[in-house]
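What follows are several structures.
Note that chain A is present in both complexes that follow, paired respectively with chain B and with chain C.
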Partner chain A sequence: MAIIEAHDIKKSYGNLEVLHDVDLSVREGEILGLIGPSGSGKSTLLRILDLIEPANEGELSVFGIDTIADRGSWLDLRRRMGMLFQRPIVFNASVYDNVAMGLRYRRAPRDDIDRKVKDALEAVGLSRYIKSRATDLSGGEQQRVALSRVLVTDPEILFLDEPTANLDPTSTATIEAIVTRLNREANMTVVISTHDLAQGQRLAHRVGVMLEGMIAQTGASREIFHEPKDRRIARFVGVQNIVPGRVVSRSDGLTVVEARGKQILSTTPPPADEVEMIVRGEDISLHRREPGHEEAENLFPATVTAIEPTAPFVNVTVHCGCDLVALVTARRAETLGLREGIEVWVSLQAKAVHLIPQAEGGKLTDTG
Partner chain B sequence: MNGNPIIEGFIEAIELIVTLNPQVVEITIRSLYISLTATFVATLIALPIGALIYFYEFRGKRAVVSTLQTLYALPTVIVGLLVFLFLSNIGPFGFLRLLYTPGGMIVAQTILIIPLLMGLTVAALSGIDRDKRYTITALGASRLQTVMTIIAEARFAVMAGVLLGFGRAIAEVGTVMIVGGNIRGATRVLTTAIALNTSMANYSLSIALGIILLGVALGVNIVLSLVQRR
Partner chain C sequence: MKTRVISGGLLRGGREASLTRWKENRKRYVDWCTIGFCILGGLLVGITVLAIANMATAELANPAHLIEVATSSEVIGSILLTFCAGANAVLLLVFFGTPLAYVLARSRPSRFKGVVESIVDIPLILPHTVAGLLVYLLFMRRGWLGAPFGEIGLAFEDAYPGTVIAMLFVASPFFINTMREGFEKVPVHLENVARTLGASTFTTFRTVTLPLSLRHMYSGAILAWGRAIGEFAGVIMIAYYPFIISTLIYHSFTTDGIQTSRSIAFTVILISFGVFYLLRRMTRFMGRYDDRV
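Presenting the complex of A and B:
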């Protein structure tokens, strides 16, 4: 069941339209990752979903309540949700008073507040700072204070707006662990925005890609990473190879695409005549000799033209009519004795070749 | 005595302070009384109005704020002149008989620093950034709770504004001279006494009062920096 249902949400600040027709539904109990570059509207969308500010247009229901029709319900609905922001926000008061804020707004009984605040600070490992001034803590500690401040209010939906963007790895790990546990044990619905693809993949059950104020694609993270709907999404999720080609034939569940005289097989049904092949670098294997029992449908010789280390991997560019970039572990590159100019064999499974319609006339459109 | 009159004046001034010369003590106490009262009254008026200006959206809000900022530098003699006219026998408030009384001086200094306190209150509240306001809303604060949290968060900046107001009040000479009249034993304060005694070549008393005035200003600044460090 959808706990949040948003349709055609628009939001502008002055002349700047930040969100255009956003459609999004969040299922109860899931972790939804919103990934997208800075400035794509993720933070604005989260604020609108958390009812911190209203959209200019569109429909939004939260917990099954139509929030556009029922503006009087906003405070009550907001008190069932919580949000953690990118920048650690603490108030000029003790850590205890910071964490107690939400509960005091809800007029919780004093001993309830006391117990919950102490438990929450215990959970984030900050009990020893309970009486300290919150502004004296480090960034990572402040963010953990901010997280406990949200969690003591037992939100049914938790919004996290790039919560670990500025944090050290330890604080990041603590926050991720807490969020995952709460989702699993308390069935808390979580919407997390991040520009860290790995974090999105690590935490989220489902991922939405946000580009230029729209949700461009939603799906399982495997789907987003391997089968992006268009070129912009492919670029954003870090696909190294986007190769234009023409569909030649389709038979036995395999599409044959010709690119620069080379024929490549794909399992994707042809979306158009003119296509682009989307291939992730890690799906391309390199071999010194022709592999004998390789189960890859595409197998061809190529020349190594460039090697670029990006520890712990190496980006290897090979030329085989068109240029392809393969992602190889540093160790494997060493074993293969890769260097510029040598001949290698490239193998590539047909199911690792995803096809999208070619963008027309250089203009990038989504005809998905 | 044929030494340097400045050095002699300085030595005598220290003597006046250390021996708690009755005239010096009386003028100092009156100065503090008038300026502290004016700051207190101005705070009572300016803080709520400043908060209203910040929290309510209305047409011309920016104009109001920039007018206030312009009035920070309101010439003290202009305020003195206006208050004098209002409190004099020909003015609308002549019947209050406040002219040439400490009460009249309190009124004048209050009017002088109200724009400063209002403007600095608005600035202090504006210093609470957008993300903090979002956080307060997201934590489930009602409208009134939001206002109270923002004011509490800005408390040190507001306090700094109040201290600046007091500093301006106690150091100014224009309004207290015109409205108070610098009457010995009645309306003479630190600044007017320094002006008068200097023109009468009574340097030692001037220097003594000057040291005290500087001390007060220094004290305000020390408190200010303590407040701002929080």
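Presenting the complex of A and C:
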């Protein structure tokens, strides 16, 4: 069941239109990851969904209540949701007072506040700082205070706006662990925006890609990362190889694509005659000797033309008519004894080759 | 004993040597810019000091007269009246001006907002006599507002409410603009956090925005109060009586002559300076400022 349903949301500040026709539905109990580059409108969308600011146009229902028709219900609805912002924001007061804010706004009894605040601080591992001044804590600790300040109010939907963008790995891990546990145990619906692709993939059940103020694609993270709908999305989700080609035949569920005289198999049904092959670097394996040929696999020799370390991986560019970039671990690169100029065998499963229709004018670029 | 003397002498020698070296260094790094600025600023402060010193020498030469004038019930009553009327005007300003300042601070620029801002600033740019006339014509017995208020028994002409309303009019931009500056300094992020935690707009204002702008409210109130009690032309048009302090000085200047009016003026200077100095000192106890974002 959809807990948030947004249609054609538009928002502009002055002459700048930040969101154009955003459609999004969030299911109850899921973790939805919104990924997108900075400035794509993720934060604005979250603020609108959390009912902090109104959209200029569009329909939005939260918990099944039409928020456009019923403006009077906003405060009540907002009290059933919570939001954690990108920058750790704490008030210049004790940690206890910070965490108690939400409960005080709800006029909870004092004993209740006391118990819940202590529990919430326990959960984020900050009990020992309960009397400290919140502004004296480190950035990571402040963000954990901010998280417990949200959680103490038992939100049914939790919005996280790049919550770990500038935090240390430990605080990031703590926050991620808490969020996934609450989602699993309390069935809390979570919408998390992030520009950290790995985090999106790690946490989210479903991922939405936001580009230039629109939701470009939503789906399971495997789908987004391996079968992006178009070139822009592919670029954003870190696909190294986008190779234009032409479909030459189709048989036994396999599409044969010709690119620069080389025939490559794909399991994707051909979306058009002129296509682009989307291949993630980590799906390409390199071998020193010719390995045994498996079914539905592309296997061909190639020459290493460039090696670029990006710890802990190495980007290896191989030439085989067209250029392909393979992602191998540093250790594997060492074992293979990779260096520029040597011959290697490239193996690539047909199901790792995703096909999209060629964008207009896309033929001349990215041809390696 | 002896060693101590010797070592003391040695130490002093060393210290002096380093002191002269330090002095040499200092000579080399004269910052002419700062010195120039200090001289220019000094001239300005100097004029005020000179004017007060000039008056003080004359007054302190005849302390008996000064004390006689300063303790006269007429002067004390007038000073109290002025301060009270000013405070009254400021209270009204705080009540009506604070919401306006918040709206101005948070709204997006628009033509309408520009017009409202200009209206707020009108008392700043008008000659005070014009301000006085405006207030008089509106609040006089037959004025648009004076007439209905008169019917419920609230008279402004030559009465305390008239003094307050004139002061309110001329002091309002000082309070509103300062308060607005304070609100603008409170990050919207902090308000958003409070709202996500379940606070309504007013609760957010009451618990987050206002506490963080208390210092601006305080200094805006002091500014406005200072402006209010110093008003003359704006007030005499509608309320020549009861005498506020500036009217009293003007009155005694034209009837009793220089000596009495100077004594009153000197008393006012001493009291105002003392009061404002204390109020400024108290600023440090006001409000929390340092919320990090």
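Assorted remarks:
Rule of thumb we're sticking to: the second predicted complex is superposed on the first by the 357 of 368 C-alpha atoms of A that agree within 3 Å, B and C clash if a C-alpha of one lies under 4 Å from a C-alpha of the other, contacts with A are read in each partner's own complex, and residues count from 1 in each chain.
By definition in this document, a residue touches a chain if its C-beta (ideal position, glycine included) is under 8 Å from a C-beta of that chain, and two chains touch if they have at least 3 such contacts.
All values derive from a computational prediction rather than experimental measurement.
With chain A as the common reference for superposition, the partners chain B and chain C occupy clashing space.
Within the superposed three-chain model, A:T153 lies in touch with chain B and with chain C [touch as defined at top].
Of the two partner chains placed around the shared chain by superposition, chain C is the only one that A:G14 touches, whereas chain B remains out of contact. Once the two complexes are laid over each other on the shared chain, residue contacts for A:L75 go to chain B and to chain C alike.
Of the stretches 8-16, 26-34, 134-142 or 170-178 listed for chain C, only 170-178 runs into chain B once the two complexes are overlaid on chain A. Across the superposed pair, chain B and chain C both touch chain A at residues 47, 50, 52, 75, 78-79, 81-83, 85, 87, 89, 91-92, 101-102, 105-106, 146, 149-150, 153, 159. Those residues of chain A that touch chain C in the complex are listed here as 14, 47, 50, 52, 75, 78-79, 81-83, 85, 87, 89-92, 101-102, 105-106, 135, 146, 149-150, 153, 159. By the touch criterion given at the top, residues 131-132, 134-142, 145, 149, 152-153, 156, 230 of chain B touch chain A in their complex. Within the complex formed with chain B, the chain A residues making contact are 47, 50, 52, 75, 78-79, 81-83, 85, 87, 89, 91-93, 101-102, 105-106, 146, 149-150, 153, 159. Interface residues of chain C facing chain A in the complex, by the touch rule stated above, are 108, 189-190, 192-200, 203, 207-208, 288, 290-293.
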